[in-house]
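You will see two complexes here that share subunit A, one where it goes with subunit B and one where it goes with subunit C.
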Partner chain A sequence: MTVQEIANALALEVAAGAAQLGRDVTGGYASDLLSCVMAGAQAGNAWVTLQAHLNVVAVAALLDLACVIITEGAHPDSDSIARANEEGVPILLTEESTFTVVGKLHQLGVRGSE
Partner chain B sequence: MSSAGNQVTRVQELVYELKIEQVMTKNVITVTPDCTIRDLKELMRVKRLSGVPVVVQGDLIGIVSLENLIEALEHGELSSTVGEKMTTQVQALRSDDTVVHAVNLFARFGYGRFPVVNEEGKLVGILTKGDIVRGLLRQMEVQWHAEEIHRYRASHIFEDIESDQTGLILRYAVEGQNLEHGGEAASKIKRALERLGAHPRVVRRVAVGAYEAETNIIIHSVGGEIIAEVRPDRLKVTAIDNGPGIADIEQAIEPGFSTAPDWIRELGFGAGMGLTNIKACADEMKLESQVGVGTRLEMFFKLQ
Partner chain C sequence: MPDEATRKAAHEAARGLRPLWADLHVHTVLSPCAEVEMIPPFIVQRARELGLGLIAITDHNTGENVEAVQRAAQGSGLAVLPGMEVQTREEVHVLCLFDTLDPLLDWQERVYGSLPPLKNREDVFGAQFVVDETGEFICMNERLLLASTSLSIEDVVSGVGELGGLTIAAHVNRPAYSLLINLGMVPPGLALSALELSHHMTPEEAIASFPQIAGWPLVLSGDAHRLSEMRANTLITVREPSIAELAMAFRQEGGRRVKLLL
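Coming up: the complex of A and B.
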């Protein structure tokens, strides 16, 4: 399932990284603690978090994640968006909670990496 | 990280990456619905088949298995047709799906093989568990050769320059208390290693280790430096800061222990897992600190 397909299915707003929406999603990870993501997320995963700051983009790029889904209506600032476009990291936005988004991803067949 | 562990994870990744059309058998033996049970029996005996897809002009319309055959033979129905005995509810795989879909179907149903169709429903292949295993092994062999090429490219820079020992030193200044440049040094080290042709698995571990070390400098100190020393056989990443230093190193290394202030925790930092992650990623880690002076963290990564 590609990032674009997930964005369509969950009605997510594409805030950055539009050129990389065709990428395949290998699984998912949800956490708002960056070190946990560093340890647990796998390359190609979709990361679900309510954190919207610059370091989220840095982590996503370092781990080669497929996309970041930012929940609870949080909005990345223009620096973060610029960095995300530079690094090629799709940033998708939603008003819904992390819990709801993860549930929907699970229904679509996206699984955790453990 | 043992190489056996690497192999297992690589297989798991491949299961999600490989498409069914890359591993399936393409020359499928098929029968038409008007083929007799007698002829089917000979076909399955000579070709050692346990199941045969039934097609009409390329379209998959059913499947006839050994079970169907035995049942027909028990009732002496040698002249019946395949069309009368076949199963029409066929579980088929799509050629453009990934292998993991096949693995799931094998787990759900007890069948030994699945026919594979394309988007138009035409039969394009057949897939057994053996095909999956063969396909994975073949792919891993291809990747092993690609690995050799990576290593060759990485060592090339060291071969072309004559010396008793050649190394590459990359230095990055890290500003303290400013998260705006968070992860930049780690990102540059990662890109440098990729260009030098280091193996993707090592690159990821170095990236995580460097990121955590860099973040620690930013969050907990007045500033410092990250130094990456690349030698053909190993990489050493040193993170040095100019204070305030760690009073109790044993405590600092404990998973979950953090001295991060609240405003940092609100951003998702301060889980207390930084040093733990570094220890897990690096082949070796050394941590020294003096209160009032600074901290020195060394991470070693084998490159071959």
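Coming up: the complex of A and C.
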């Protein structure tokens, strides 16, 4: 399943990384602690979090994640969006909670990578 | 006949108390997210322009540029406290301040031992320059500094205290890396000396948003990653810029005190 398909299915707003939406999503990871993400998320994963700051983009780029889904209406600032576009990290936004988004991803067949 | 304020100032001067503008949260080029202009001579110059009498150098999980800033400040009248902004395992940022370099370096050893064994990626996080007092490049710090230590916030507060330092929870009113957002409260019994407010809202707005901070000693710092972000909003009245005097000021003892002025 591609990032674009997930964005469509969950009606996510694409805030950055529109050129990389064709990428395949290999699995999912959800956490708001960046240290946990660095230890647990796998390349190609969709990361679900309510954090929306610049280091989210840095960690997603570092781990080569397929996309970041930012929940609960949190909105990255313009620096973060610019950085995500530079790094080619799709940033997808939703008003829904992490719990709801993860449930929907699971229904779509996206699984944890552990 | 002298007015009340003049009399008070004269009385305090006689007791050796003096007001100092302080910014207790200043980064240098060693922090990957800081601008390259954050070198010792520029930091000292900007501090003097702002009328600051005291700054603390607080890079992320490291103290390797503190001595360079202290050297750059020699003879300028600016006091530079050794410090560090530690990231706890709860991803809370805590300012750790010391009187001298030795305890800071002891603390740094513990922090380095508590960081993940990963290398910084300059292209992702930014470069981490160790410099001398003129700002001249010495070396890169290759550790991944922008990461959580395995230390809990309790470990940090007690560990710094055991080394004679004090701790201030950083930018508690910010939406990330902050005590109030990540933990939801100031944990009961935690021996923090003060809470730091970031300046994106007034102290009154911060207290209205986070009523649990009422009654805590507050400081307002720049969290400067560039020179224009340094601030003179915290007025500390002490005998001298030491940890013991700062602690007294936070407790409002013996005429020592802290006032926020915007």
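In this text, the second predicted complex is superposed on the first by the 114 of 114 C-alpha atoms of A that agree within 3 Å, B and C clash if a C-alpha of one lies under 4 Å from a C-alpha of the other, contacts with A are read in each partner's own complex, and residues count from 1 in each chain.
We take it that a residue touches a chain if its C-beta (ideal position, glycine included) is under 8 Å from a C-beta of that chain, and two chains touch if they have at least 3 such contacts.
What you see is a predicted model; the values in this text were computed from it and never measured.
Legend: residue contacts after superposition of the two complexes on their common chain; A:Thr26 is shown touching subunit B, with no touch to subunit C. When the shared chain is aligned, subunit B comes close enough to touch A:Asp79, but subunit C does not. Looking at the shared chain after the overlay, A:Ile70 reaches neither subunit B nor subunit C. Looking at the shared chain after the overlay, A:Gln51 reaches both subunit B and subunit C.
Contacts of A:Ala61 after superposition: both subunit B and subunit C are touched. Once the two complexes are overlaid on the shared chain, A:Ala43 sits against subunit B while remaining clear of subunit C.
Of the two partner chains, subunit B and subunit C are each touched by A:Leu34.
Residues 33-35, 38-39, 51, 53-55, 58, 61-62, 87 of subunit A are contacted both by subunit B in one complex and by subunit C in the other. Contact residues on subunit B toward subunit A in their complex (touch as defined above): 13, 16-17, 179-180, 182-184, 186-187, 190, 204, 207-208, 211-212, 215, 267-269, 271-274, 276-277, 280.
Chain contact summary for the complex, subunit C toward subunit A: residues 33, 89-91, 116, 118, 121, 124-125, 146-148, 175-176.
Of all residues in subunit A, those touching subunit B in their complex are 24, 26-27, 32-36, 38-39, 43, 49, 51, 53-56, 58-59, 61-64, 79, 87. Across the interface of their complex, subunit C is touched by residues 33-35, 38-39, 51-55, 58, 61-62, 74, 87 of subunit A.
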